[in-house]
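These are the structures, in structure tokens.
Shared between the two complexes below is chain A, which has chain B as its partner in the first and chain C in the second.
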Partner chain A sequence: MIAEIRAKARELLENGQVRCFIGYEEGTRGRVRPAFVYEPQDVDRLIWDERCTHNLAVYLHQFQHPLKRGEEPPRVGILVKPCDSRSLNVLLHEKQIERERLYVIGLTCNGVRVNGQPQERCQRCSERVPLVYNLVMGDVPKTIGREDYADVARLERMSPAERLAFWTQEFDRCIRCYACRQACPACYCFECVAEQLDPPWMGIAMDLSQKQFFHVMRAYHLAGRCSGCGACEEACPMEIPLSLLNRKIAKEVEALFEYRAGQDVETPPPLATFKKEEELPL
Partner chain B sequence: MNATTRESLLAWLDGLSKSMTLIAPQAVEEQICYRPIAESSEIVLDFGRTDLPAKEYFLPSTHVLFSIERGDKGVSIEEPSLERERVVFGLRPCDARALRVLDALFLEEEPVDPYYAERREKTTLIGLACREMSPECFCTSLGLAPDDASDVDLMLTEVDGGYAVQVVTEKGRVLLGDLIMEEWEGTLPQVTGREELPILEAEAWPQHFNHAYWAHLADRCLSCRLCTYLCPTCRCFDVRDYETPNRDIERVCAWDSCLAEGYRRIAGGHDPRPTKMERLRNRFYCKFCYYPKDFGPIACVGCGRCIAKCPVNVDIAEVLESVAAL
Partner chain C sequence: MTTDFEPQIVGFLCRWCSYPGADLAGSSRIIYPPSLRVIRVPCSGRVDPLFVLKAFQEGADGVMVLGCHPGDCHYMEGNYHVRRRYSLMHRLLDYIGIEEGRLLVDWVSASEGRRFAEVAREFTAQVQALGPWGGKRIDS
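Let's turn to the complex of A and B:
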């Protein structure tokens, strides 16, 4: 399949349909990393396998602006897995990217592996085919997971005191490097609450209360917007189970609005919609 | 040389911890970090490299420089200071060298940083030689070695039946006190080195400043602060005043990162390094060009933490090779 991906990327670059093609390449020490291909002759750098975990949609923000003054913003090509495609839908709904400026190659997915380990989120994943694409590649996957929120349920069964102790222990390790936020396609504010100077919502101290505030705030800001791609958790150097927090909120949103982030191109996100007659079963 | 057994070593550390703060590698969930230890049984002795360096005990991620307290007779200013002497046990040679690198700025340049100076002064360093280089390590390219004893007060090397003990400084000799040791006549194990990376001289860096390489490297950078906060030699900080809930004032000093957007923003809103390319490039220029020119040592010790943890594989070893080949 990689031959088809490279051929399509070469064609797009040669025709001038895109200025840059965002995919994956072999990194150092057996790792895979995001690749940015600008020249047709470089497409052979591109690879595709189960180590390709990054959600490349995060890089679309940097192509919103012209590469040179006076030019139009560049058109880009991008590879998306099914979970990434839901992030893409979120960004399209939120008018962060123009669909016409994108050429999306959707890849069917059997789940990715981190350090050779299959990911829990992939085993639960019920979307094996991307939801938005210009061209889809890959075989129809054999197995489809089922979302049961079993991990969230485990957390819900704890008493409030136990849960607080659990999260205190987890957040205490946070070093406020913001890798979670930076790896997240849905975190694109020009100025994050965490760094806003006026008013200064958060202090610079790396104490537990600031860390808790940051993570809870970020989780709430992702309500109905988190596609569950796991990029935050994978980027975290301190191995904090951030997706548990996001998944708890995703579960609530699903129960309240029957909506999953980026589920399709048509349905507007519930928290960006207001109906006068709306009543929430709270 | 003398050697001690594991049991004697741990008993001695327990003794030390009664009068001093003992900081040692500890398992924190899945990670190994330096933490204050209550009992020697909490110490992890078999580890490659700790997930975080010991930097935070000399340049804390957060500390209060002083507080202004309101009382009946007006205001008073309190300056917190370290109450106890400290021992950092299990320091790897790279993390020890990193303190020497920080010394060049905080101790050897005027004005001396009094907070850093006090922490250095009141701390004795017990090194633990590496048995092997971890996959990402490249300390040998930076003029040190996995068993380098030159930056600690006492150096321990794991040998059959215990640890060989090298006394490096007077501070180390004093600390040794009642540690039970026996004469030991073996030879210290040699750690296999690694092919050296090509590192350009500081003077050779400016010619590559405008090379297109930096923009291509920065394409995938997420502009987070991870590499700088895991780095044993990154030392930028921010200082701000805060009101506490009981209306006192605290002047807080906390880590900051040159990779963060807005780090260089100045009055009026201008930012001399507005793009992530400029910020990422600065990280490498700071380490290999500016810092050596201004203060002497290269601000990298080859610990490999940034390589191990960067989510998008910005690999400093690869960068050094690429820059040397530009």
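Let's turn to the complex of A and C:
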């Protein structure tokens, strides 16, 4: 399959359909890193296997603007897994990137592995074929996961005091590196609330309440937008279970508004629309 | 819970309905608890959930967001958005351990002075029963 990906990337770069092709390459210490291929002769760097965990949609923001003044913004080719494709849908929906400037190679996925370990999110994932693509590659997937929110439900059954204690313990580890935000394709604000100076929403203190504020704020900003790709959790050096937070919101958004992030590019986002007659629990 | 605990409650009142409603309660000499700190906002739709979070962080024991009744918004649709936002925010706050009873989103019109006082009284009693919120900022 990698031969097909390389051949297609070479073709796209050679005939000028894309300026850059975003994929994966071999990194250091047996790890995989994102690759940005500009020249056709470099396509042999590209790889594809189950270590390719990154959500490449996050890099599309770098291609919003022209590389040189006066030029058009560059056209980009990109590899997407099914989860990434939902992130991509969120970006397309929010008009962060034009569909015409993208060439999307969708890859069917049987789940990725970090250090040889299958990922929990992949076991929960029921979508094994990308939602948006120009060309789809790969075999029909063998495994289909199921999302039952079992871990979220376990937390819901606790008392508020126990939950507060749980989250206090988790958030207290946060070192405020903001790696979660940087890894997130949906976190593209030019100026993040966390760094805004006027008004100063957050202080710079390494204080539990600041950390808590940051995480809850980020979770809320991702309401109806988080596609559950798990990039934040994977980027977190302190192993804070951010997916527990984000999936809780995803669950509620699904229950209240019958909407899943990145499902399509037409349905209005749940928090940007309303129905006059709906009954919502307040 | 101590009975002499007086909660600090932040109330975001919409400029067109709830704030005049509170005003009416005052000019009609209806008594409501002094634990309420009122912040006037142009519309309940102005109240970013971040405001609520910030209020809790800065030491509020309860937060109240009051707006016009659905359908009566001066800006046509502000409170419809509020309804969606806060139905979600309620659940998120509860999930991270801020009890659901500490946030109240309700509708009070400009002519409902008596109702405003009632809502404020009930909510204060509710927060009083929950006790002080433990997650507040250490330096506050």
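We adopt the following convention: the second predicted complex is superposed on the first by the 274 of 282 C-alpha atoms of A that agree within 3 Å, B and C clash if a C-alpha of one lies under 4 Å from a C-alpha of the other, contacts with A are read in each partner's own complex, and residues count from 1 in each chain.
In this text, a residue touches a chain if its C-beta (ideal position, glycine included) is under 8 Å from a C-beta of that chain, and two chains touch if they have at least 3 such contacts.
These numbers were taken from a predicted model, which means no experiment stands behind them.
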{"item": "First (chain B), second (chain C), both or neither touched by A:185", "value": "neither"}
{"item": "First (chain B), second (chain C), both or neither touched by A:34", "value": "first"}
{"item": "Partner chain(s) touched by A:138 [first = chain B, second = chain C, both, neither]", "value": "neither"}
{"item": "Chain B versus chain C as contact partner of A:207, first or second or both or neither", "value": "both"}
{"item": "First (chain B), second (chain C), both or neither touched by A:228", "value": "neither"}
{"item": "First, second, both or neither for A:274, with chain B first and chain C second", "value": "second"}
{"item": "Contacts of A:58 with chain B and chain C, given as first, second, both or neither", "value": "first"}
{"item": "Partner chain(s) touched by A:238 [first = chain B, second = chain C, both, neither]", "value": "first"}
{"item": "Common interface positions of chain A, toward chain B and toward chain C", "value": "207"}
{"item": "Interface residues, chain A side, partner chain C - complex", "value": "155-156, 160-168, 193, 201, 207-210, 212-213, 216-217, 219-220, 223, 245, 248-249, 252-253, 256-257, 270-271, 274, 276, 278, 280-282"}
{"item": "Complex contact set, residues of chain C against chain A", "value": "49-50, 53-54, 57, 70-71, 77, 80-81, 83-99, 105-106, 134-139"}
{"item": "Of chain A, residues touching chain B in the complex", "value": "27-29, 31-36, 54, 58-59, 62, 169-170, 173, 175-179, 181-183, 191, 195, 200, 203-207, 231, 234-235, 237-239"}
{"item": "Chain B residues touching chain A - in the complex, by the definition given at the top", "value": "28-31, 51-52, 61-62, 135-136, 216, 219-220, 222-226, 228-230, 238, 240, 242, 252, 254-257, 260-262, 276, 307, 309, 311-313, 315, 317-318"}
